[in-house]
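Structures are listed in the sections that come next.
After this come two complexes, each holding chain A, first together with chain B and then together with chain C.
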Partner chain A sequence: MASSRSLNRLSVTIKGGHGGSLEVARARILMMRALFLALYCVVAVRLFDLMIIQNIDLGEGGEHINVSHFIDPEQDLKVRRADIVDRNGVLLATSLKAASLYVDPKYILTPERTARALSEMFPDLSYDVLLKKFQKSGRFVWLKRGITPEDQANILKIGDPGLGFRDEYKRLYPQGTLAAHVVGYSNIDGQGFMGVERSFQAMLEKGSDLTLRTSLDIRFQHALHAEIAQTMQKFSAKAGAGIVLDVQTGDVLGMVSLPDFDPHAPTSSPKNTQFNRVTQGVYELGSVFKIFSTAAFLETQKNALSVTFDAREPLKRGRYTIRDYHPEKRVLSIPEIFMVSSNIGTALMGETIGAEGIQSFYKKLGLMDKPDIAFSEVGKPLYPRPWRDINTLTASYGHGIAVSPIQLVRAVATIVNGGYKVTPRFVLPESEERGQGTKTRLVSQETSDVMRSLMRLVVTDGTAKQANIEGYDIGGKTGTAEKPGKKGYDRKKLISSFVGVFPMNDPQYVIFVMLDEPKGIPETHGYATAGWTAVPTFARIVKRIISFQAIKPQILHNNDFSQKQSVSNIVYGGQE
Partner chain B sequence: MSFLSRTDKNVLSTWFWTVDRTMLVFVSILMAYGVMLVAAASPAVAVRIGLHENHFLVRHVVVLLIAVVGMIFTSFLSPKGLWRLATLILGAGLFAMILIPFVGMDIKGAQRWIHLLGLSLQPSELVKPAFAIVAARLMAMQKEKEHFPGELYAAGLFAIIVLLLMMQPDFGMSFVITSMIIAQIFLAGCRFKYLISVGVLGIVALLIVYSSFDHVRSRIDRFLDPSTGSTYQVDKSLESFRQGGFMGAGPGQGTVKLHLPDAHADFIFAVSGEELGFVFTLLLAGIYLLIVIHGLRKMEESEDMFSILACGGILTMIGLQALIHMGSSLHILPAKGMTLPFISYGGTSLLSIGFAMGAVLSLTRHKKRARIVSRRVSR
Partner chain C sequence: MKTNQLVFCFALLFSVLTGFLLFVVSQRVQSIERDIRTVDKLVDNEKESLRVLTAEWYYLNRPDRLEKVILDAQESLKMSKVRPLDGSIFMSENVLDNRVIPHPQMKPLYVTHKKKETPVFQYNKKEKSFGDLLNGLEMGNGE
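Now for the complex of A and B:
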């Protein structure tokens, strides 16, 4: 070919003959063609390398690319924190994947424009601060964590390559404040800080396959929360608390401490809102303690129900004088003492039992030690040390000994459930073994039966008549205690509480309502005692429970203790 | 093609039957690629900088049509008309480049643009093909008249252009023009020992550029050792090729363009990689090679030194520009802002390439040979 022939003449000079220079040019054109062919082959090879070989390296679909500066080796999404649900599966806490926005100042393209767009989108991000962050020397600055998909789409539309996202899990509490103290909260790094979130941190952080089923029933929780909040407002109470406990299993069905806080922003509420008044707070609860002293009397004394005590005169022991709130000024039987809530009578009972008897009984019921429950916020009870004789008397009617409400309901549950030990629990076991496992008897069946009758009596004839609901077997005990002030007890500052049980013939729930410093109102003739505040609240809670649990009314036996009759027969027999 | 019969003697028909139709097909395919890729890549860029999403696409199509008209018009010209037009463009272009320091616009750190009738023009783009033609003419004249110092004139022009380019500064364009003139000297039959000397000089020049221009140095440093600085654009570009794979994401389906500031211009090849996949991207590269090879083969038949030198220079320019663009986005060359001929968005670049291709078409038309031969015979 002409071109190959001309290869021999490649070095002919520019100044060669005219035809000759054309020959040279043609030869050199051939060389140029070869050169371009070679160069384009390099491009083709590189294309093959990138698009076929390296693409295969990425695996199926080639979706995820490791571009060094965009993907941090530590980026790998943390394990999704387990959900928390109530006993019926209602979601209490869940983790949703949410993008968090950061800036890589090195790649920010249009700092002013991007800062302006972001500050318009999020009022909490100011233009100045953003601009400052865009100029930092580092490669990673958080801008906003946990953004909605909609906001993320809008940020992507800004289109600045310096903005990046990392997926994080955002903890959400669909019930909001409703169960704040039980569920607790955790921070963005998956650290539980309160309640179940803290107590079961190890289990929760393990991951998503697991769902933590709490003992809570959101309906009970709501009934408690709504009624106590309403009563607090009505009586301008400083605080309120309530708990519903299953008397057999110890399941905490509802637990409320008010005022409460938003678990999404725990720090935005005053610090004291995080205080759990049910488990952490210890209170001198007053007359509700008569349940325990009376039970102790029944347990320790023979023919206890035939004993009577003289309540005609205030009781004088040393420099102390014990008075009744509504003095009966007569000799009272044990049921009468309990029903009218006589301090004198109860103190005399306590004196009869003796310091050791009272203390050991209280200890047996778990009132003297920090409760052994699986919950992070637990308060320790307070009682006099050393324990003097007078303390035996006052402790009988709930003075000089402070316990947390959860300890109280736990002890009450034991008293009414036939005498077995109850351990409050917040989380349900994997598989319920009903009736199995060894029950620890703490109190005799007889004492339990009598106590239930006595508590029923308080509602039918005693201080808690407002708790009576026609057709439902409700019992309980009121407690109105003066709060300790700077100089002794303050008559104006009360802790009004009521612990109720129902149905009394086959106890299921023990419900406790407590109000901190309720103020009397005209409707209650200025009274702020338990009978006027905690008791009606309890009744309304029970009504709610009756309706959503569809509990049928029943024909009730006459309580043999009522009309102050003989005490020989007890309605609530073991056989029932 | 019944409306363009071989026997027709009107201008259009004559043009159609004498022009290099294979080349026209190649160019049309490139233009189709270009419209598709600009349509895919530019909305993301336009929206990002606050323009209407079709801003770039509409402009691209309009300028493309003007470029096609310009190309066809140029292809009608005789060699004489061609180098006259080229001289005119070169003169105007040089004048504009001298003006730039006084009236030019600063875009992305370099003064290359001049505002004219609502359009921003980059005179250096137009100077490039015009210079190839004028230099070819000067060198060819020296072949005919021994005492005409055409090569000296061409060298002088080259020096002026490179000086003006370095003032902007535009290293990439200088490199293309330098390669172009070397190709022409090579074709003109320069001895290898001179070429080697020029090559050595070129390396020295590169070293000087490397040491005196910070942005060039940082780009070369980054190319040689990616850890020395930001390789954001190249990382993104490579990512898009890997994403693309054999089949590609489909036109418009790519995501990397969202993160590439110049996806519609300097990194449009990366968009092709991600969206069109291996086969069509390889085809795209192949068409540039075909244009160069086919054009050079046509020149082998030419009897005219001017045609050979002009076409050789222009084809080198096109082939090299495409290579640099592809090489940058494939990370086999340092990142260099270079448009992909016929494809990238960029008004002046399109007009320039239209003119350049028009010149090639004009010089490779069949009847030219007959006429040139007869002229030579008559001489």
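Now for the complex of A and C:
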């Protein structure tokens, strides 16, 4: 009413000199009214937009709670750790966003109720510990890291303003335990603790634009893992290990150390499961070392294949006596010594080569030094210092010198690939053609050829007949070593191993299988030696590889490697 | 005086209009920025979902799991365990016969001469060629 009266008063017309001023005032008031009206309209439209239109958009999900709206926007999310894949792009490790729960004790409204609700939701968070955390003086306390979206939604339903979330990256290993020792693991703060995760920490933490491509092939890995685990169970072995190496490039296609651990919860497994038996563990591997002593003999002696050694009696040197496991009790040629795995014959070969010759050859093959590989867990070989004469004899058949399986396969790859140095690698370069780069020759081509024949001989006529797969030229060498105990070597505790190569006419893969303390079973007549344990395991692994790699069999009549290389000539001088 | 008032009115109108336009532009910019943020967030969410799905794909395709699934379904699917080919099933080319396989002999579709005793092509009827065996029915004998 008052307003209308004032307006009525404005409608009064004043004649004279002041009439113009009144008109101006009226016009100004009108304009101000229009201006304020327009402003109120703008504010009303804006409010309508914010409250009605945008509110409809937010509520579009119906009853679903969009948990991303409740993530602390002020957080400083770390760079996502790079993915790790195998050589074919199969995902081995990735980082996924996961919310982590924290509490701001200042804003906790109902500590008891909230603590009870949380402890019911997460049994690992106890009520009293939560209450204690709610009473802390600080403004930020972690409660649980890496929770699922479902749990996050349930926590929001508690409705306590003191609870908050921060996004973090959680490392996930889709292959589980399968490649645990190769890939390793990292914690929630992005710190690599083992394997590739640790070895390539600097590269991985650079971010998700990168993808680290390992040399691993998950199919090879599975073949190794499944077969070694099966054999371990069958022979109640304490541990097992295996590796598949590309003899040309040195790519580690598979590497297994059992028992293994879950990389998602590494601390829940016993500590010794994290021990990498392939790269960290050093073992006296026994007769597989005859590959190197025989190669050394061929390299250093003239007409080496025509030499024979007397293996009729155990070899006595000082207070030591060297015996054969399966005594032939006759004079043996070099191929026969290798084929029947004669310790006496090999020791005599070592004696002929001499301490310096054996040591320098082993050193050349990288058996005396810590391997120079890009991997964090690497063991150092053990050998006697000072080196005495008897050590030359024992080291020639793999006793008194302990190396890691990766060192062994590297040296075997060098022997069979034509004599070129091989460096095992776990990560593939960005681009590389096979056979690229300069090669360093360590062993002569002739020695390499003869050694391949001899290794083939072990499978066709020697101690590893169970590794013979018709149509495929497989070669190798068995090794059964007694483990050192408190009073010398313990005859009941064995390390049974087999190192095999195939195909022998054009070697591609060197495969090593090792079993720690296998126990004999009735099926093997109580034996737990390599021929009964590691060799059949190797054969099963090779059968799997042949299947998934679709490797064609050799046509025996034309391409039998053993025929081609005249093994019978080597062993029996042409007379069978 | 009138001119001044007109100028003032126009200036005021202009400033109000400009202000309004600026307000509209500012609102539009804010709205677009909000849209961009929303789209960015959606893209990020989709990328994250893709990462989760990729991880899940490889988790479900673990070799040990696939092997177990196949073994479980072995009987119902009539599948057998993959084994390498036995080399002995292949034979050497030396074992193969060196005989030359005769070329198939084709007969004409029709003959112009109706005389039966004078065939166009001569061949030994006793020894049928490989071509006859294959094509005899389709080609007919020209009669």
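Keep this in mind: the second predicted complex is superposed on the first by the 479 of 576 C-alpha atoms of A that agree within 3 Å, B and C clash if a C-alpha of one lies under 4 Å from a C-alpha of the other, contacts with A are read in each partner's own complex, and residues count from 1 in each chain.
As a convention for this text, contacts are C-beta pairs under 8 Å (C-beta built on N, C-alpha and C of every residue); 3 or more make two chains touch, one makes a residue touch a chain.
Quick caveat, the model's predicted, so the values are computed rather than measured.
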Chain B versus chain C as contact partner of A:42, first or second or both or neither: both
Chain B versus chain C as contact partner of A:129, first or second or both or neither: neither
Touched partner set for A:175, first chain B, second chain C, both or neither: second
First, second, both or neither for A:25, with chain B first and chain C second: first
Touched partner set for A:374, first chain B, second chain C, both or neither: neither
Contacts of A:52 with chain B and chain C, given as first, second, both or neither: first
Which superposed partner A:153 touches (first chain B, second chain C, both, neither): neither
Broader residue contact with chain A after superposition on the shared chain, chain B or chain C: B
Partner chain in contact with A:471 - chain B first, chain C second, else both or neither: second
Contact residues common to both interfaces of chain A (with chain B and with chain C): 42, 46, 68
Touching residues on chain A, where the partner in the complex is chain C: 31, 35, 38, 42, 46, 68, 90-91, 94, 96-97, 172, 174-176, 178, 218-219, 221-222, 225-226, 469-472, 543, 546-548, 551-558
List of chain B residues in touch with chain A within their complex: 44, 47-50, 142-144, 146, 151, 183, 186-192, 230, 232, 235-236, 238-239, 241-246, 258-259, 261, 273, 277-278, 281-282, 285-286, 288-289, 292-293, 296-297, 299-300, 303, 305, 308-309, 312, 316, 319, 323, 326-327, 330, 332
Complex interface listing, chain A residues touching chain B: 2-3, 10-16, 18, 21-22, 24-26, 28-30, 32-33, 36-37, 39-40, 42-44, 46-48, 50-52, 54-55, 58, 62, 65, 67-69, 106-107, 109-110, 113, 156-161
Partner chain A, residues of chain C touching it in the complex: 12, 16, 20, 23, 27, 41, 45, 48, 51-52, 54-56, 58-59, 62-64, 67, 82-88, 90-95
